[in-house]
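As written, the chain order gives the labels A, B and C, with residue 1 at the start of each chain.
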């Protein structure tokens, strides 16, 4: 499967593809998830999770470099045609589900914080055509959105300096006050925030110098790990643990303290700007899903996008309450953990065995 | 009927054509009686009368010749044609040629160029005025325009490719580029797109601009137009392509990028620090112009929490008399400004100024006092309008002003989220846009660090040793190696 | 984009915008923004809610409208207040919430829940206890500006330049949720047609238990946080001095065993003498400094002991101990704290004495 050169994107864009897909809605709420086990030390679990993702990226690259194709190709080689296509379809569903959850959680945030009376479908009618417009362009446009979706909202990072004046370092002391097991359990929670990287296996053939892109992927993951860790430390020094556990979106709550001469309550600006962070997630997931559809069944991407958009629309429509949303998110995170802990190591190992066998 | 021989038929066609000419109101026949009658015919609207009367006719009178063929040989001038095809003769005469033939039923006519140039004098640029720097602007005549550029780049590498567009107008279009510097692909794209144009008339370069644009439905202009020959010279040497169109004082430039539309050419005449700050101010003005009124609408309609407590009183009391929601208030004011601008643009300069003052002071004050609009919004709208006029390229300025309206509507419905989504729409659109097949958003995306030297800021000339990557020049370094040293 | 797609595109977008065009709006001049809210205990389970809404008449004139009502729940209260208000009431610009002393004694948790649950209320909202009743204070206040601004300015400038420790909804909430520290709030009192900061009120979890007069607020302030601009009035024997621009740093050292911790608190003060009456300053400068140091130490130790006696920990000593102890046992701390040995040490320096010797 050759990708024409004008469709390909610069190697370093992998950095933005990785970061933009890792930073999404998870970053708004991960602090009150990861502290369940390791408490105030949980920020170190983020580091552990980040390290684990580095290993995963390395595994993905070993497989992709060897196969020199995308996930569909890998599935075919590792599992054979029939079982491979089952995995491809499952992964496709995972991506569409991911997109649905991302947009639905974002809409939930907007509903809770800004417009309680907002109808889900009415905002989707505005957002989904945009997604279509972007994906319909080409992969370059999708990457462009990822790039701008990282660069433009980057200024929001400075906003997390404001809570520092109320933070108390004693809240994260003493360090290493938990057992190793607790650290790992928290890391397991933290890993969910990094889940998106597996999309790498689909856009890999679209990178100009594929082999050289690995360092950018690692660098991207490093950046996200850094962002997550720093934000976790800021959050843990700003809130004490019982308070943190009672919050749904600690990141947004922290914004409530910001007051500047020209804007009193920053979270409204922040949540709105956050759309720029959500959009790359959404477009990249759906683009990847439609790309897999094309690779597996030769359905034109334009048609499958419409199909997926309708699926996202219906999916959002049926997740009405917080509980339903949480249930689906649980399924999704199970899915994600399965990919991270089982699927990728499995294809890595199988690939290594196959390669060894072939060499002999 | 007998079948006549070919020359006879030709001859007849010519004679009937010549006879027909007499019926045209702006056609003049003169006869000079020598051994035989010499007929001179021309369209008096396009021919230089004075030259003809005072120089050409006396000269012809003193010449001795028997036929036009002989005359053709003795006339000491180039660009003379001997033709028998009536259509071609007519074409040339319409371009200002004088037709000469001998006898009553000639086989061939001699055409001698005596066109009259009725064109504007070269004047100072009015749209892209600059305080420092050259003060010449293009005029309507393409020859003059090309001359203005040639004067600045006296290099044999500067090439012009001539094309004719328009079934009816046959307008001359010249594609200019510097050989060895400009990427051939860009030139070919332009030439091919112009060649493909199917239109009966080309009145101005903006016709070409609209037709050959990559996305014709986009509100953003994708080719830069300028009236400054110095800018064209600079841009040609950067490796871009310029398109001259006859009868148009605006020359098109491609491929361009979005940021180029916000750089005034004067930036290059100022010290780079100053110029960079001006550029940043201008970019800020663009964002301010697009976003200020929508943010006002969004905050006042949905996000009252965001207003700082000290500002709250001012905003609420300024609006307390206004019966409309912020969106209506904003649209009314924006439309008023647009009306004022439109009225000012359609009227002669002096009256236009009066309209501006009357509109600005009288309508503004009156509407606040009448309680139709709040004075805070009035400030915002006026500032936004002012900011939008800082855009150096007029066409981009229009885009900036009109793009505000969708923002206003989404701001009314979804507040800041609406603005955010609108920004994403614009972003997606700009990402998809191309100028002559090159990305429009360059150097932001694809991100090219080296091209940032002349985008948001302008770094000193010593930093700009290479041509922008965007044009994919055949010769990226501006100087030949060693050339710079020779100059020392 | 091709024709058909484009049409669907436009239809979808316009449908979204048109159908949502009538989404409820909060246009600033068509709502009433509650800036001050007061709650008092009346009878058993009923609370009286009193709200101040600024009405901006023109550029420089504000009239404060007061609504009041009695009900069981706070939001029920708000709904009832809306029956009187000419426009819908919104909480988004709430500057200060006042609680009657009786209400505070019963426990604050039920009455601050809505403040954190409602996303439109900012974390910087001030909370305060009112000596008598919030209703009375609100009705007595007479100010040219918006009452919300009046109250928030009153507290804000005392935090920045006075002896009031930093306080707001976020800090109070932290204190209530934490098991290692207890919250405090400023206490306001009516004085003529103005409000006066009467002192600091300390809580056991969320129940008001103790009042510290404002004269001693400085002591708590330096124990609680690092102060940048404190003020202290020294009155001992025949000497009267006012020390201003006090910068303080604090240092906690935890020693001893887990069951018997010894906490050493060291305060470092640097101040400028601004007013003085007594024997020649030149000779007695060191003496005064010593006196100041001793005064602070003595009163500070008293205050700490008082807190221990009441089993409350507004200085967050528990947090300091936890931060310095590995495997800190939360459940035991409650028993340890009242008997823990907390030693206060003060270092002080008078860096200037103004323009006179």
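Definition applied: contacts are C-beta pairs under 8 Å (C-beta built on N, C-alpha and C of every residue); 3 or more make two chains touch, one makes a residue touch a chain.
This structure is a prediction, so every number in the text was calculated from the model and none was measured.
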| item | value |
| --- | --- |
| Central chain of the complex, centres being mean CA coordinates | A |
| B-C compared against A-C, more contacting pairs | A-C |
| Chain centre separation (subunit A, subunit B; CA means) in Å | 47 |
| Inter-chain centre distance, subunit B versus subunit C - centres from mean C-alpha coordinates, in Å | 65 |
| Between subunit A and subunit C, centroid-to-centroid distance (C-alpha), Å | 40 |
| Residues of subunit A whose C-beta touches two or more other chains | 115, 118, 123, 126, 133, 259, 264-265 |
| Shared-contact residues (touching 2 or more other chains) in subunit B | 302-303, 305, 307, 309, 410, 414 |
| Residues of subunit C whose C-beta touches two or more other chains | 17, 20, 23, 92, 122 |
| Contacting residues of subunit B [partner subunit A, same complex] | 302-303, 305-309, 410, 414-417, 419-421, 423-425, 427-429, 431-432, 441, 444-447 |
| Footprint of subunit A on subunit C - complex, ascending | 1, 5, 8-9, 12-13, 15-17, 19-20, 23-24, 92, 119, 122-124, 170-171, 173-174, 177-180, 316, 319-320, 322-328 |
| Of subunit A, residues touching subunit B in the complex | 9-10, 110, 114-115, 118, 123, 126-127, 130, 133-134, 137, 140-141, 144-145, 147-148, 152, 259-265, 268-269, 271-273, 275-276, 279 |
| In the complex with subunit C, residue positions of subunit B that touch it | 300-305, 307, 309-310, 312-317, 319-320, 322, 325-326, 409-410, 412-414 |
| Of all residues in subunit C, those that touch subunit B in their complex | 17, 20-21, 23, 25-29, 31, 33, 35, 54, 56-59, 62, 90, 92-93, 95, 120, 122, 145-146, 148-149, 152 |
